[in-house]
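Letters A, B and C mark the chains as written, and numbering starts fresh at 1 in each.
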Amino acid sequence: MHSIVEIGNLSKSYRRGGQIVPVLEDLTFDIMAGDFIALMGPSGSGKSTLLNLIAGIDKPDHGTLRVGGIDITALSESELADWRARNVGFIFQFYNLMPVLTAYENIELPLLLTRLSGSERREHVETALAMVGLTDRMAHYPSELSGGQQQRVAIARAIITDPTILVADEPTGDLDRVSAEDVLTLMARLNAELGKTIIMVTHDQHAAQKAHHIRQLDKGVLLSSAA
Amino acid sequence: MYLLKLILRNALRHKLRTGLTMLGIIVAVLAFGLLQTVVDAWYAGAQSASSARLVTRSSISLMFPLPLSYEGRIRGVAGVQAVARTNWFGAIYREPRNFFAQFAVSDNYLDLYPEFVLPDDQRQAYLRDRKGCLIGRQLADQYGFKVGAVLPLRGTIYPGNWEFVVRGIFDGVDETKVTRQMLFHWEYFNETLKQRTPRRGDQVGVYVLGIDNPDNAAAISRAVDQTFSNSLAETLTETEQAFQLGFVAMSNEIIAAIRVVSYVVILIIMAVMANTMAMSARERSAEYATLKVLGFGPGFIALLIFGESFAICAIGGVLGVAATAPAAALFKDLAGNVFPIFQVSSHTLLLQTACMLLIGIAAAIVPAIRASRIRIVEGLRAIG
Amino acid sequence: MSIPLSYIARNLWTRRLTTALTAGGLALVVYVFATVLMLDAGLKRTLVTTGEYDNVVAIRKGAETEIQSGINRDQASIIEMHGAVAGGANGERMASKETVVLISLIRRGDHKPSNVIIRGTAVIGLALRPQVKLAEGRMFRAGSTEIIVGSNIASRFEGTRIGGRLRFAQRDWTVVGIFDAGGSGFDSEIWGDVDQLMQSFRRTAYSTMVVRLVDAGLYDRFRADIDTDPRLTNEVKREQVFYSDQSRALSTFITILGMTLSIIFSIGATIGAMITMYASVASRVAEIGTLRALGFKRGSILWAFLAEALLLGLAGGVIGLALASLMQFASFSTVNFQTFADLSFRFVLTPAIGLKTLAFSAVMGVIGGFLPAVRAARLNIVDALRAI
C-alpha cells in the first residue's frame, strides 16, 4: 500500500467582508491508495474545503498537496482541468447533472474530453449504466428520475473516465434512507471491486460507517482517526 | 453533434424567454430591412434615370424657366440628337394631398423615354387629342384613372382650372421604373398660357436632351452651357441621373437620420438579447462550474454561450429576413403613393444577415466572459 | 397593505446588469420617440415664429407658397392703400412689396447644391419683422447689389460670409451683413433690394406683400374686402397661418415616419421589459410565497411587480429623455417639400414633450410587466413556498 494523497502543512483561509477567516490550519496527513475514508465534522470545520483542495477545484494558501505523485498546487488552471478530467471523479450532494441532457448523455459528457471514438464511448457508457443499474433509464432526463437514480447517474459519470480517486461531498445528504443505502452500497462496491480510492464528506454517522476510516475535522484541525 | 444538441436544448430551456427574444429579433431585423429599403426607395428615381439623357435647366434654380428659343440652339450643339421640352405643372387633383407629378411635354418626349411602353393605338389617340394626356400605370392604379376619363386639375403655379382627357396608360419596361406621373401636350399648355397670361408663354422648364454617346455627356453638357453663358438665362446641364440625385441630396439629412435610426433598432435588440443571455448564463452558473469540475475549459463554456446566442439570433434573423420581402410588399400597398419603387435589395438582405450575426456575437460577449471566468467553488455554491 | 416602493426599487438595483440592459433598450426607443417630437416641435416653432400675429400676407389666389404667388404693381398699390393697413412714423404705409425667388447655392460641407429663398425687400420689410436683427455687418443699401444673409445660410453655404460674393442672374452680389431672425424661417433666407432683384430676374410683378394692420381685429374685414374687390385676384392670410401651412407636409411626414418607427421599436423594447420581468418573477417565487404567507394579497403582489416594471420603464424614459435633450444643441436642415427651399430648424424640447415621453416609457414598462405580474399574482402559496 502507498499514499495516493499526501498533504503537508496545508493552510487555507477565506476573505469574508474584509476579514480573513482561516478554514484549514497546518494540516498534515496521507490517504492510502484504495482507501475509503469519511471526513466528518461540524459546519464550517473545513471538510468541504479540504475535499475541494484534494480534487483540484480550489487552491491552498500554503503547504504541499500531492495526488498520485503529482504536486497539484503547481499546476496551472488549464493543466489542472486536464488533470481533473483524467484522475478525479466527482459526486455532489445535489447530483449536478445537466438538466437538458439524458442520463446516457450526462454519463457520456466527460468522455468528450477524451479521444475515444463514438462506439467506444457507447461501450463505456453502457458498462457504467449497467454497473449503477440504470440501463432501462438511460433515455430519461434528470427531472424524470428520483433523487437516488440521479445520484447513481452522477456516480456513473464520476467513474466513466476510470479516475484514480473519487470525491463525494455529502452524497447522501439529499436522499431518503433507502436511496442513501443504495448509493453507499454502490460506493463500497466501487471501492472493493474496482479499487477506487474514495474520499467522502458527510455529517451522517450511518454513511460514515460504510467507510474504512473516519477523519474528524474541527475548526480546520484534524482531531483523531478512527477505524 | 453532441455540442450542438447541448446548445439547442439550452436555447429551448426557457421557451417563453427564447420565443420573446426571437420575436424581438424578427421585429428588429424586419424593421432594419424596411428602413434600408426606404432609403433605397429614395434613390430609386435617380437609379432608374438614364445617363444617356441630359437635363438643361436655368443655372439660377429650377424655378426659372428657359426661353423657347433655346431649343434650336441646343439642337445645334454637336452630339445632341433630340431635344424635348418639359414643364413641371404642379397642379392639384381635387385635394392638395393628392400629390403626383405632372409634366407638359413636347411630342418627341416619348421617343426619349423608351422605358415607357404605350400601346400604339393609345399613342395615336393621344397625339390626335390636343387636350389628351397620358397616365403612368402606378398612378392609374392608385386613383383608378381609365382611358377616356376626364381629369380636372387646379393650377397652382399656372392658375386656373385645367381639363385633360386620359388617352393612354403607359407601363414601365420593368419594375424599377417609376410610372407615377402624368404627361400632356406642351403645345396645349403653352397656347392656353399665352391666352391667360401672355408674358408667361414660350417658356420651357427644362430641356431633356438625347445624346449620341453617354461617354460624351460631360463634353456636350459643357458645350451647351457655353452656348448660353453671359446670356439672359444661363444654363446648367447635367445627366438626368445627376439631376435626380440633386433632388435626393436636398433631403439628405432626413435620409441620414433614417439610416442612423435603422441601426438604433439593432442596438435596442442587442440590449434585449444581451439581457437574455446574461440571465441564462447567471442561472446556469452551477452547471458551468460542474462542467469545469469535470475538466472542461473556459473555452468550452464560452462556446456554449456563444452558440446559444447565435442559434437564437440565427433562427430569429432568418425568419426576419424571410419576412422582409412580403412585409415590403404590404408596406408598398399601404403607402403606395409615397414610394412608387419599394423593392428589397440583395444588399439589404446582406446587411440584415450581418446585423443578425453582430447581435448574436455582441450579446454573448459579457455573459461568456463572466461564465468562463467563474470560480468553481463559487459557481457550485450558486445551486438553484 | 401594500409592498413599499423602496423594496421594489431595491430589487431592480440588485440585478443591475439586467436592469441596465433593459432600461438601455427602452432608453433608445424613448430617444427616437422624443427626438421626433422635438424635431416636429422645432419645425412648427420655426415656421410659426416666421409670422407676426398682426401681419397679413397677400398672395395670388390659390398660391400655396410665395414662390408660386404673383401680385402686379396695380394690385399692390390697391392693397397698400386699404384703410386697414397701418401707417408708419414718417407717413409711409406699413407694407412691404416683396419678390421671392429660389436660387441654388452650394452647401459648405458636401459641396452639393441646395435651393435657397432669396427675398427682395426694403427697409420697411425689416420694420415689419421685429424678430429679424442684424447680427453682423450692416443693412444692404437701397438700389445696390448688396445682400444680407440669414444666420443659417451664413453657416451652411459657401460664399455667404461678410465680404463674400455670390453670382446669380448675371450679376455679382456682395454679402454685407448677417441677420439673426430668432430661429424663424427667415434665418434660412437671403435678403436684398427688391427693385434690383426684380430687374435682375426680369420680373415685372411682385411675389407677395406683407402688411401690418392698424388693429389685428380688422383682419376679417380686410380679408373680405380683398376677396370681393373685382380689380384683385388676390387673397390674404395671417402671416403665422400662412407659414405654418407651408410646413404641413413636412411635419406630417416627420410625424408619421417617427411614430411608425417608435411603435415598431417599442415592440422590441417592450419584449425586453417582459423578459426581464418574467425572470424577476421566476427568481423570486419563494419570496412571493413568503410574502403571501405573511398576509400580502394577490393585489399587492400584482402591484409590486407592475410598479417594478413601471420604475424600469421610467428609468429608461429618463435616460432616453436625457439623451434626447442633448439634441437641443443640434439643428436639422432639409428641403421643405412644399416650397422646395432649404429650411433649417432646431430640436425643441418642451415640457409637454417631456411628459409625453415619460408617459410613453411608463406605458412600455407597464405593458411589458403586465403578464409577468399576473403570473406572480396567480402563484399558489404552497407551490411557491416549496420552491425554496
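Please note the rule applied: a residue touches a chain if its C-beta (ideal position, glycine included) is under 8 Å from a C-beta of that chain, and two chains touch if they have at least 3 such contacts.
Values in this document were obtained by computation on a predicted structure and should not be read as measured data.
Asks: Applying the contact rule given earlier, which two chains have the most C-beta pairs between them?
Replies: Maximum number of inter-chain contact pairs occurs for B-C.
Asks: For which chain is the distance between its Cα centroid and the global protein Cα centroid smallest?
Replies: Of all chains shown, the one whose C-alpha centroid lies nearest the global centroid is B.
Asks: State the chain with the largest centre-to-centre distance from chain C, centres being mean CA positions.
Replies: A
Asks: Taking each chain's centre as its mean C-alpha position, how far apart are chain A and chain B in Å?
Replies: 65
Asks: So how far apart, in whole Å, are chain A and chain C when each is placed at the average of its C-alpha atoms?
Replies: Going by mean C-alpha positions, chain A sits 70 Å from chain C.
Asks: Any idea how many Å lie between the Cα centroids of chain B and chain C?
Replies: The mean C-alpha positions of chain B and chain C differ by 25 Å.
Asks: How about chain B: which of its residues touch chain C in the complex?
Replies: Listed in rising order, the residues of chain B that touch chain C are 16-17, 20-21, 23-24, 27-28, 31, 35, 59-64, 90, 96, 154-157, 159, 199, 230, 232, 234, 246, 249-254, 257-258, 261, 264-265, 267-269, 271-272, 274-276, 278-279, 283, 366.
Asks: Using the touch definition from the top, list the residues of chain C that touch chain B in their complex.
Replies: 17-18, 21-22, 24-25, 28-29, 31-32, 60-64, 67-68, 101-104, 110, 112-115, 168-170, 201-202, 204, 233, 257, 261, 264-265, 267-269, 271-272, 274-276, 278-279, 283, 332-335, 340, 342
Asks: Quick check on the complex: what are the chain B residues that touch chain A?
Replies: It is residues 2-3, 5-6, 9-10, 13, 286-287, 290-297, 376-377, 380, 383 of chain B that touch chain A.
Asks: Contact residues on chain A for chain B in the complex?
Replies: 52, 55, 57-58, 78, 81-86, 90, 92, 94, 96, 98-101, 105, 108-110, 112-113, 157
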